[in-house]
Amino acid sequence: MKERMHELKWYVRVAVHFGKLSLQSTMEYPLNFVSGVCVELAYMMIKLVYLYVVMSSGMKVGSLTSDMVIMFVGTYIFMTGVWMFLSGVNSIPEQVIKGDLDLLMTKPGSLQFLQTFGKYNFALAFPNVTVGTMLMAEGWKRCAIPATIGHIGVFVLYLAAGIVLTYSFGLMAALLVFWVTSLHAVSTLYAALWDYNNMPMELYPKVIRQIGTFLIPIFLVTNWSGMAILGRLDLLQLIWGIAVSVLAFILSRLMWNAGIRRYTSANG
Amino acid sequence: MEKYKTVFWAGVSNSMEFRFDFLMNLIGTVFPILMQVFIWSAMYGDSGCDAMYGYTFPQMILYVVVAGAVAKFTDTGVEYMVNEDIHSGGIARYLVRPVNYVGFRLCDVVGNKFVSMISMVFVTLGALLLLFFAVDFVVTPAAVLLFLLSLALAAVLNFFIFFCLSTLAFWLTEIGNFFHAISVVIMVMSGGIFPVSVFGSTYESISRYIPLTYTINYPIQILSGTAGITEAVEVLCIQLIWIFLLAVLGRCSWHLGLKKYVAVGG
Amino acid sequence: MMRIALLHCKMGCILMEGIVVKNLTRDFAYYEKEAGMKSSVKNLFHRTKQIRRALKDLSFEIQKGEMVGFLGPNGAGKTTTIKILSGILHPTSGEARVNGYVPWERKKEFKKRFAYVAGQKSQLWINLPAVDSFALNKSIYEISDAQYRQTLGELVELFGVQEFLKVQVRRLSLGERMKMEMIAALLHRPEVIFLDEPTIGLDFIAQNNIRQFLKDYNRQNGATMLVTSHDLKDIEELCQRTMVISHGDLVYDGTLEHIRSIFSKKRILNVQWNSPVPRADLVSFGTIKNWEPMKAAIEVDDAAVTQTIHRLFAAFSVGDIGIDAAPLEESIARLYEQGAQGAEYGKI
């Protein structure tokens, strides 16, 4: 038990240290930060255009009003920020190809931890997380959902599950570098799948909804927190939402171990 | 002329090399388009109207299906090449050779686009065929021909828009991210995701007087039939005018930048 | 046969110090593609997998505190061996123990006791001063404040880099950067250090600095060191023992001097004349390695040295004459060639 506590403390301390250094690094070049923010704002414009179409036409997405859609688009933008934030995950393919994992592999502690929480991109995360949070709050307000601890708790719980999924999916997509040669194609496909969350899943036909929930559970990343507080999920679905993020995390961990065994340090 | 021909064929074979990537990119293009189809079928189904934003449902589907492909097709990436040439000192190579840099880049791009032009024809025909069977939507052969013509002009026009922008690299360093951001904004403003009429009548009327919309929005209007034959010819003429104006502008700013480049010594 | 020190630790387990490598083999798979479009298409559907054997049944032992040089041409397997011993690569087959640990299990206790330094890889945060990266390693390796201050002080002084500690790493010269890399790697006082081309790309002064430092560090801390290099000077100055590896085979294990004696059945006579001697006149004396009108270098058999000198004095007006051993590089180049033929000559 004491051993466990010690280990946990180590993880927290090192993660915080990594975060501090990332932030310091970013602050050395404020112009890079600004240009990174600009790029993300441009991409966000596309995401908001979809919301604009729904708002301006006043359409309903399935059973969701346009006010509710704000919350879903907000969650989607927020999660995109989380995805962009984890540059340790997103840089895996490049580092594997260049053989840049070498030194990290010799450091004590879990390599997966050191790599995936070793670097953060504040510039790409900042606009997404900020605007995403604002939209979620605005949607929440417009839908007049009472801000009780229970409601917020459920929302945050599924948001956290979504973050775990974002991490696990992103990691698995990045780890394909150990098996696939055409990496550009993989990232294009993953980004295309990700963008399906730009609109609530209720927009799509039933087949697509089933695929996105069970086969490639990408919809769980951004839909579950909103759907849960709007009371659109039954007990089984609520459990499924948590179970999938646990499973995805375990799967990504297994895939990590299998991938690292294939690491050739740019030698092969 | 021979040297331009060589550059052209080098571009062709180069893009064939990456055709697997191209195939994957195609899937990456189809996915977002499919999403749009879902959005619009939901919207038209929800509103019960015949036409929204000046498009009937089949016209809108045609628009979003083709827009994604057109946006990919007209995107030349010339800004990155020019930026690279300027900042890595690569333009010195072209300065000593008896080629016109703009002409060289244009041929390179057109060569690269030649292969994707063929696949564009198939994508368009496929989309039309699908629509024909799905919603009984017919397009006249004249519209298809005029569309393909304006598509080629759109690629050239887009080339000159980005070429003009890329000459900014003479004055600004670290401009890669800026290009990235601006190209996304330009794509949206050109109608690469939704037709410009979706953004309201104010922008729609402004958009007639800027070159951007002539790279995506109006060419597709020719195809979908929301623009008639006379309007189509008008679009082609305006495209030519813009190409001419931007070519002049690009040439001027290129020479201006070059003067600065030579004066500073690279 | 077992040259490894066996120590009994408190828990009663057997703790070995030093490095043992037994029958280590590593294959790399790669895909071949012929030139041209046709094979590109073919490769889309079926690629022929090829196997390159980077290490063939490599075995050796290194004792605690030894400083061993690893010499070999590019692609010989030096780096692969070091990466396997550092736990970066899994071997295809074979065994290895470093201080009793299996490297590729990458146990935390093991990783806290060794360091890996590669001349072309960096662990420093390039946009920040090196001291920030050091502090990060302090957290990762859980070094106590007191030990951190002491070790850092010592290392900084050994290298004389006090003034560069607070300079952004990207603004440091290559040599200073490498010194910082070394400090970062040694902060946790490793018992085993693997160095892969530590002086590559550095100028002559920085190379000397780093060699001197490694020697001092080895003497003061008794750390076991394995150094790869294709620069002979590194090995010559640092290591008493040299292993030569070629095409994945260990072709030699012993002192550098001994390599020379294996192959040096030849001597070089450096002669200076009092008046110009044409090249053609010298052909009958031996192999001419170097020729200028007023001097020449002639390679002759060991046994023929005295006789040749006599003949030279008789034939020309000799100003000065010196006898040298054939250059070490040549002997080593011949070792490499033998590795290529798969012979095990010179293995001790």
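Order of writing sets the chain letters: A, B and C. Residues in each chain are counted from 1.
Keep this in mind: contacts are C-beta pairs under 8 Å (C-beta built on N, C-alpha and C of every residue); 3 or more make two chains touch, one makes a residue touch a chain.
Everything quoted here is computed from the prediction, not taken from an experiment.
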{"item": "Farthest-lying chain, centroid of Cα atoms versus that of chain A", "value": "C"}
{"item": "Core chain by centroid distance, with centroids computed from Cα atoms only", "value": "A"}
{"item": "Chain centre separation (chain A, chain C; CA means) in Å", "value": "45"}
{"item": "Averaged-CA centre spacing for the pair chain B and chain A, given as whole angstrom", "value": "31"}
{"item": "Gap in Å, rounded to a whole number, between the CA centres of chain C and chain B", "value": "55"}
{"item": "Overlap residues in chain B, where contacts from two or more other chains coincide", "value": "20"}
{"item": "Chain B residues touching chain A - in the complex, by the definition given at the top", "value": "20-21, 23-25, 27-28, 31-32, 35, 38-39, 42-43, 46-47, 52, 174, 177-178, 180-182, 184-185, 188, 193-194, 198-200"}
{"item": "Residue numbers on chain A that touch chain B, as the complex places them", "value": "31-32, 35-36, 38-39, 41-43, 45-46, 49-50, 52-53, 56-57, 59-62, 182, 184-186, 188-189, 191-193, 195-196, 198-199, 203-205, 208"}
{"item": "Complex contacts: residues of chain A adjacent to chain C", "value": "10, 13-14, 17-18, 21, 24-25, 28-29, 99-109, 111, 114, 261, 263-265, 267-268"}
{"item": "Touching residues (chain side chain C, partner chain A) in the complex", "value": "28-30, 54, 79-80, 83, 86-90, 106, 108, 111-112, 114-116, 118, 121-123, 125, 127-128, 132-133, 135-136, 139-142, 168"}
